[in-house]
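Look for chain A in each of the two complexes below; its partner is chain B in the first and chain C in the second.
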Partner chain A sequence: MPPFQLVWRNLTKRKARFLLTAGSLAIAIFLLCLLRSLVVALEAGVKAAAADRLIVQSKVSLFVYLPQAYGTKIAAVEGVERVMRWNWFGGYYQDQGNFFAQFACDQDELQAIYPEIQLVDGSWDDFQRDRQACIVGEATASKYGFKVGDSVPIIGALFPKTDGTTWDFRVAGIYKSTKKNVDDATLFFHYKYLENALDSGEGSGPAGVGIFVVKMSPGADRTEVMSRIDAMFEQGPQVVQTTTEAEFQAQFVSMIGNVPLFVSSIGGGVMVAILLAALNTMLMAAREQTRDIGVLKALGFGDGVVAGVLLWQSLALCAFGGGAGILLAASTEDSVARMLGTVFPGYEVTAGTLWSAAGATLLVGLVAGVGPALRARGLSVIDALRRTG
Partner chain B sequence: MALVPLSYNLRSLVVRRSATLLTVLGIGATVAVLAGVLALQQGFATLFVENGRDDVVVFLRQGSTNEGDSVFSLERAQILMKTLPDIERPIDGPPLVSAEMYLAVRREKVGGGETNVPIRGVQQGTFRILGDDIRVVEGRAFAPGTDEVVVGSKLADRIADCRVGDTLVLNTTPFRVVGMFDHPGPFKSEIWGDRDRLAEALERPVFNRVIAKLKDGVDLGELKERMESDPQVPCKVMTEREYLGSQTTAFSFVLRVLGAFLAAIMGVAAVFTATNTMLAALAARTNEIGILLSLGFKPWAIFASFLFESLVLGLLGGIVGCLMALPLNGVDTGAMNFQTFTEVAFAFRVTPQVMVVAVCFSLALGLLGGALPALRAASLRPTQALRRD
Partner chain C sequence: MGALIQLRGLVKVYTRGGETLRVLDGLDLDLEAGGFYALMGPSGSGKTTLLNLVGGLDRADEGRIVVDGEDIAAMTGPELAEWRAEKVGFVFQGFNLIPVLTAQENVELPLLLTRLSRGQRKEHAKSALELVGLGDRRSHRPSQLSGGQEQRVAIARALVSDPMLVLADEPTGDLDRKSADDVLALLRLLNEKYGKTILMVTHDHAAAQQARTIVHLDKGGRLGRIEAVR
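Here is the complex of A and B:
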């Protein structure tokens, strides 16, 4: 049992240094948690994707629309239970900076195909009945203060209203997703509303369907259904590629893929630099204690005890710094998530992240502690006392 | 009114060279990260803005923010091209106006994965307007009306099927790559072909934008206002420079925020390290301060002296950081511009502004890191300081 009181006294002898070193460690560990959480957020959608859903999209481009007639053809394919049209609307609320996703989709299919979308306020019936109704994710609703019954005016950038006015949606429900593949920031409204407006000339924009979401019948063979759909449109007019929901989500991750890589490599470098600096400070501090070691040994403390004191000093310092960093990451989770908001939803500091941060902390503690501890163990009393420093 | 000789501080830094080096490297790494991110932003923004021309105007559909959103029907484009009096129409040749089709298509990257590459269907007018800015560097230009394309010089190494002689399949139609072209601006990340052939292959019977060279002396402000409320073809008019600039705002903003965020976090850690080093310096030199005080130097002179020393540390860090960031200058990189969802190739640019910001930042770090130790040094009393060894 090492003398913990001595460990504590040694650490707090130079308070400023103790706080500054622990502070640097806290920052490095906080950064580690933050960066890992960002990457986790990106991949969350892919991991949570449903196995029985397929996405039919143009093989040519994200921005190419599929003919309406494809819907009935896909529905007739063996192994397909339900088909839903799904269009990116690309509008904004009041100002271009207020970004959240809006999708036009077949409202009855949405409820049937996406059981993870759970209303926390309002009702599905109300959403189904009213052509101009929409449901909004909790995050967006709380950010802009939307409540059930409110009217939400959206300016169509991709689908402008011909008379220059806004598209008005009435909030029929606020939803929360039980899985990460659907975020809590989206506004869903009736595909029919968009279709009718385009047909009547009330609005303008690309005709056709962005993607079709397919729900397979239970027991259907996934690869077979996928190749049946792809084969049907091989000769055009628009070639399609059918993927699983996971692959569909993964394509967006790979498209912005260099951004998280970029952030993590910079952040990783930063973290290593900070850790090295902290490490160096700790090693320097240990060297300054050489004379204290001599005194301890002269007083009759064993080699093991002296080495223990130095090791525990390092571990305790790291526990303070790393612990503060972990606490900071956990306690700022909500505010960081709110800051990233509707543009980058899904930020979550997972238990796995916290554990790996704790592991990194322990590692630094050991690396910084073992060297000086071993040296202290082997040092003779005379050598240690002779040193001034 | 005597200042402590500056050579005292400079020599002190040399004597404690390992601690000095650690601090300088810490500040340097921080500054290098900031400079690197800013250099990325500069490279990206100048690629667009510097290579946009003021005498070329871009017509977009009203309310759209980029050419991906913008659509002109064949008929509207014709009206614009044939009747607008402000367009330069040489007596001995065709008018300097061109309607283009634009689409970001899904292509495979050479190293695997997918990205979006812009395809531009152009009329011969585009070449007349841009003139020598577009240079064929390998092979030849595509023949009008044929299934041939030319690729931008930045694509060959990054995107599959983009070498001269390759075949690119678009939807169901194969296109032959007959040449490679260069352009100082963002066009070198695009694939160009005949607008009518591409429109047919991609089933997009529309134009996305119209570009034109204006007659000398046309009042741009007046033209913008007039076209906004044009009864036949209301549209948004921008110079090419303004248009390209507007495509960079979101990504530039993200890079600036990212740079500021990383710099802030690392800055705090660097200040901690600097303070630690200066505190250690102070502890080792308590005796010297006592001597200085008894020689008659006033506490404020001691304060100024220590602050100067940490400013020198900051400056050295800034220089080291700039030196670390300098090799990045001119290095090619690619990033997803999420405003247009396409990948753009550009080079880092470590501009003088970037370096000025970096050095100012490092001086601020030195100042903050030196403040506390300098205050402590100034508050020592001569007897107290001399007594310590």
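Here is the complex of A and C:
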């Protein structure tokens, strides 16, 4: 093992250079963690999707609505236990900047089809009884200060009120999801509230159902159920496409492009940049320490030990910078999640992300250190001592 | 005492820019254990090259170098490094202390290659620095020491692992007269009191007079005369 005192002293000999390089590594590793966490958040819904839920949507597009009557027909399909209508509402609270998802759904099916939605305040009974009741995820409730019993006026964008007023909801419950396929930022309300308003002309917007969420009977064959539903509407009036919940979630991720590839490209660029910064620092350090390398060799330190002095410097430099970046990513998780808020729910810096960042740090340390280390290893004592610095 | 160092038919050739330079040309020389030798000669006579070959820092093109019964020319790189750590202490003209380490840490460096405990290493280094009169400068960095003090630290580093042979390349070359005299007095002490064999390259006649024997090399790396001084 190399003399670690020497490794440490050489590393901190030029404090400004050490701090600047370590600082740039810290920022780069923090960025890597951030980007990775965004991808993880995007993919979390796909990974956590329930196996017994199916989504029925128009085969043409998610934005083509299905006839209301499809619900009854789907419910009659063998292997289907429950069906729920589900519409994207697309409103905002007070100001367009206050965005969070709102869905109209069959309130009497929601709890049974989505057992992961757990109320932490309020009651399901209250939610069922009052047509204007809603339940709100705790992230949104916390952000806007919503409490059970509060009135929440939502301005309809996709479904505006014809008299220009707001849709008024009353908070009957605050929920927290036990799985990542449902975020804690959504507001769910009665489908009938929307349906009645549209029927009466109180509200305007596209008629029909956005999607049907199907819960399969225990033991039902998923492929068969999907085929039966699709076959039933083969002749229209709207041809449907039944997918698993995971496929449906993946569809959303792919709608904003190949995010993992995009993020990986940025991450790759960041990696190359920090590698060059670390390599530059190590090359300068190796050049400055050439005579010291000669002295160590003259004193009897082996080539491997001398090479180790430089390799450990590189690893230590990266460990400091990368470690700081990892700590920064872990310690700012809540702040970043709050900042991303309901626009990007589910931000979480997972242990996997932190380990990946640690791996990237180690890789940069090795790659930046191996060149100078090999050079030091191959340098003859005479040549090294001849250098003036 | 018998010959500690036996050099036989030593040849060293450098090739630079297509030109071949024969620095040592079949040198034969015996150096006895416990001797203090000053190696003198004009530039290009191969003094430093000879010192590097004897210290195992460089390889001869031809010939044998037997030190204390071991043919170091036949050793592998790692064997030679181990041999240097155990048998040789070096003192260089430019001191060659590691600038980021304190005097104490510089002197401790060779001891990292021994089995001594951390406490023992510290104690040995402290003793070596006290021997060279720098017990109160242990925590100073090289940049905080004068040239003479730096060279004394280098001598402490050379002797701390108790080598049988000390090789000094122009140890007074960068020093003023007073500092040079201090350094030479120390080398004499190492030789006379501690029995170290010393081979010192120097251009300085006054420095050479401190040795017991002066070995003159002629230009072209041939042995000149051998002169007993004291």
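Please note the rule applied: the second predicted complex is superposed on the first by the 372 of 389 C-alpha atoms of A that agree within 3 Å, B and C clash if a C-alpha of one lies under 4 Å from a C-alpha of the other, contacts with A are read in each partner's own complex, and residues count from 1 in each chain.
The criterion applied here is as follows: a residue touches a chain if its C-beta (ideal position, glycine included) is under 8 Å from a C-beta of that chain, and two chains touch if they have at least 3 such contacts.
The structure presented is a predicted model; accordingly, all values stated were derived computationally and were not measured.
Participant: Quick check on the chain A-based superposition: chain B and chain C, clash or fit?
Facilitator: With chain A as the common anchor, chain B and chain C both fit in the superposed model.
Participant: A:G149 contacts which: chain B (first), chain C (second), both, neither?
Facilitator: neither
Participant: Look at A:V60 in the shared chain and tell me whether it touches chain B only, chain C only, both, or neither; answer first, second, both or neither.
Facilitator: The first partner, chain B, only.
Participant: For A:Q235, is the partner it touches chain B (first), chain C (second), both, or none of the two (neither)?
Facilitator: In the superposed model, A:Q235 contacts chain B only, not chain C.
Participant: Counting only touches as set out at the top, which of chain B and chain C does A:P115 meet: first, second, both, neither?
Facilitator: Neither partner.
Participant: Of the two partner chains, chain B (first) and chain C (second), which one does A:G359 touch, if any: first, second, both, or neither?
Facilitator: A:G359 contacts neither chain B nor chain C.
Participant: One more residue to check, A:G268. First (chain B), second (chain C), both or neither?
Facilitator: Neither partner.
Participant: Determine, for the superposed model, which of the two partners chain B and chain C contacts more residues of chain A.
Facilitator: The larger set of chain A residues in touch belongs to B.
Participant: Enter the shortest inter-chain Cα distance between chain B and chain C once the structures share a common frame, rounded to whole Å.
Facilitator: Once the two complexes are overlaid, chain B and chain C approach no closer than 11 Å between C-alpha atoms.
Participant: Enumerate the contact residues on chain A facing chain B in the complex.
Facilitator: Chain A reaches chain B through residues 14, 16-17, 20-21, 23-24, 27-28, 30-31, 59-64, 90, 96, 155-158, 160, 164, 204-206, 235-239, 251, 254-259, 262-263, 266-267, 269-270, 273-274, 277, 280-281, 284.
Participant: Could you please specify the touching residues of chain A with respect to chain C in the complex?
Facilitator: My answer: residues 3, 5-6, 9-10, 13, 291-292, 294-303, 380-382, 385.
Participant: Which of the residues in chain C come into contact with chain A in the complex?
Facilitator: On the chain C side, the touching residues are 52, 55, 57-58, 77-78, 81-86, 90, 92, 96-101, 105, 109-110, 112-113, 157.
Participant: For the complex, which residues does chain B have touching chain A?
Facilitator: 19, 22, 25-26, 29-30, 33, 36-37, 61-65, 68-69, 71, 103-106, 113-116, 170-172, 202-204, 258, 262, 265-266, 268-269, 272-273, 275-276, 279-280, 283, 334-336, 338, 341, 372
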